[in-house]
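Heads up: the structure comes next, in structure tokens.
Every chain is named by a letter (A, B, C and D) in the order it is written, and numbering of its residues begins at 1.
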Amino acid sequence: MISQEISDKDYEIKVKDSFSRQNFMNTLGAKITKLGPGFCEISMPFQDSLTQQHHFIHAGAIGAIADSAAGYSAFTLSPPHSSVLTVEYKLNLLTPAKGEEFVARSRILPSGKKLKVAFCEVYAIENKQETLCAILTATVKIIQNKADLPL
Amino acid sequence: MISQEISDKDYEIKVKDSFSRQNFMNTLGAKITKLGPGFCEISMPFQDSLTQQHHFIHAGAIGAIADSAAGYSAFTLSPPHSSVLTVEYKLNLLTPAKGEEFVARSRILPSGKKLKVAFCEVYAIENKQETLCAILTATVKIIQNKADLPL
Amino acid sequence: MISQEISDKDYEIKVKDSFSRQNFMNTLGAKITKLGPGFCEISMPFQDSLTQQHHFIHAGAIGAIADSAAGYSAFTLSPPHSSVLTVEYKLNLLTPAKGEEFVARSRILPSGKKLKVAFCEVYAIENKQETLCAILTATVKIIQNKADLPL
Amino acid sequence: MISQEISDKDYEIKVKDSFSRQNFMNTLGAKITKLGPGFCEISMPFQDSLTQQHHFIHAGAIGAIADSAAGYSAFTLSPPHSSVLTVEYKLNLLTPAKGEEFVARSRILPSGKKLKVAFCEVYAIENKQETLCAILTATVKIIQNKADLPL
């Protein structure tokens, strides 16, 4: 029932191709900065266009990169010709998202083949110091036999 | 302990002023389209810049307008010289966010004075038909004696 | 993709039989008090054995009846020879769980065939007056071709 | 704003006294098995009275010990004459709760003074082997100047 192993040796190509089609990540200025089996890191620099009323990064933007990191950490473990879909996510905000850069690091916990559970930490980086500013837990569904192609 | 009543008759000015300083809502093309005591509706038209890999609206963008709607529905009930902060939110995605417009409607449930609980429904509108595509529950903190001013 | 209709006309027998095998519900003194397509109500009287340190009902007991109500509201919609499994749930506590009886009412929102999303309200009843004391959102998985039988 | 340090050197007495008044933990057969600054472990042996329909431990019982572990990990960091209250918790179930014993380990993440965020892992122990079966994230409120006394 539990599977953490890679079932697609070309997962890196698959993930990066899919990510490149997420226009919203481009809008956020977000990039995949690390990738491994069951792991994905997405980084997003501070931008004026992403702020809330106190000029911190909007919780919604933090949630968005954490959600994408969760989805792609699951996608690294999915078989060829599959795609991923977020079922739900929950974000706890620990401190105001203040910094020059924001890094979401998600890893897949031992879970099922079709439903993966991700745990993601988001760090704010200021003067090279990392502060944990949010955590996200998510359920990601693996849809088999349906490649993640452009529509 | 429980308070649903307005404690600031100028809540509308306060909310709209704060919202206008959320650059991220502007980036999303989102607007407040309805406001009442303990209620806030935010609408966001479809934009290419907000999509995920299947060209639906990214769950992160859905979460962002729902989070803002939650926060501002709480802000309508907060006293003068206060501000609001999202403590946590959880989003369940019911159907792919497919449509021409997306509308988040949040209302505050009977909860405490300092911690408000919001329940938000997000509808996708396609050919004038509304489909519930996501729900969000959130905890919003009211920070008293600290006006929601620009930094 | 979306299905709210009954696919098993004997859902009531199925649900009640499964519930009767949930020893934990018996330990809590909980009973199904209403059932319909996509709906389940579970009631639990106050008991000393269920309290937390301030002699209110423990949040864990509230979560337990809400989780069961969520699962069984999904089970009413599942096909014959299937079973249900909670994937995740989130509970927001609105007021202390103070009262003589606690009633969890769950309904299934329009969602997928295999993954149902439930929204559950929990009311505390005191002197015949109902107070909303908690809300729960849950994802419930329908496992097809595997009847909900005793092991 | 962030505080992880102990502000009550007698936190162990305070926590254990409060726990002993949680009748529900006694009903579950649960005990505190480890305690430290910002950390709490609660263990619960398998009991027939705690099962769901497939004779695994009910998700509600898992959620209950994880919630208590979250609350008491926060309580270790609270000042004298204070009490704690769970605001919300979310449980993701990774595998069926099958085993002889269940151990919830919660630690407080760097968060605010009045609102603590806990991350809790629940392990099922079978033949001396631990399997992560659930994770919980929770928000716990510290209520100052109100000792956690019996009512």
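Please note the rule applied: a residue touches a chain if its C-beta (ideal position, glycine included) is under 8 Å from a C-beta of that chain, and two chains touch if they have at least 3 such contacts.
Computed from a predicted structure; not experimentally measured.
Visitor: Check every other chain and keep only those touching both chain C and chain D; list them.
Guide: Shared contacts of chain C and chain D: A, B.
Visitor: List the centre-to-centre spacing of chain A and chain B in whole Å, with centres computed as mean CA coordinates.
Guide: Comparing mean C-alpha positions, chain B is 23 Å from chain A.
Visitor: Report the inter-chain centroid distance for chain B and chain D in whole angstrom, where each centroid is the mean of the CA atoms.
Guide: The separation of the two C-alpha centroids amounts to 31 Å.
Visitor: Distance from the CA centroid of chain B to that of chain C, rounded to the nearest Å?
Guide: 28
Visitor: Indicate the residues of chain B shared as contacts by at least two other chains.
Guide: Only 87-88, 90, 92, 137, 139 qualify.
Visitor: Which label fits the chain touch graph of this model best, line, ring, star, complete or other?
Guide: complete
Visitor: Which stretch or stretches of chain C touch chain D in the complex?
Guide: The touching residues are 18-19, 21-27, 48-55, 57-61, 63-65, 67-68, 83, 85-93, 96, 148, 150-151.
Visitor: Looking at the complex, which residues from chain D come into contact with chain A?
Guide: 1-2, 90, 92, 94-95, 109-112, 117, 119, 131-132, 135, 137, 139
Visitor: For the complex, which residues does chain C have touching chain A?
Guide: Chain C residues touching chain A: 87-88, 90, 115, 137, 139, 141.
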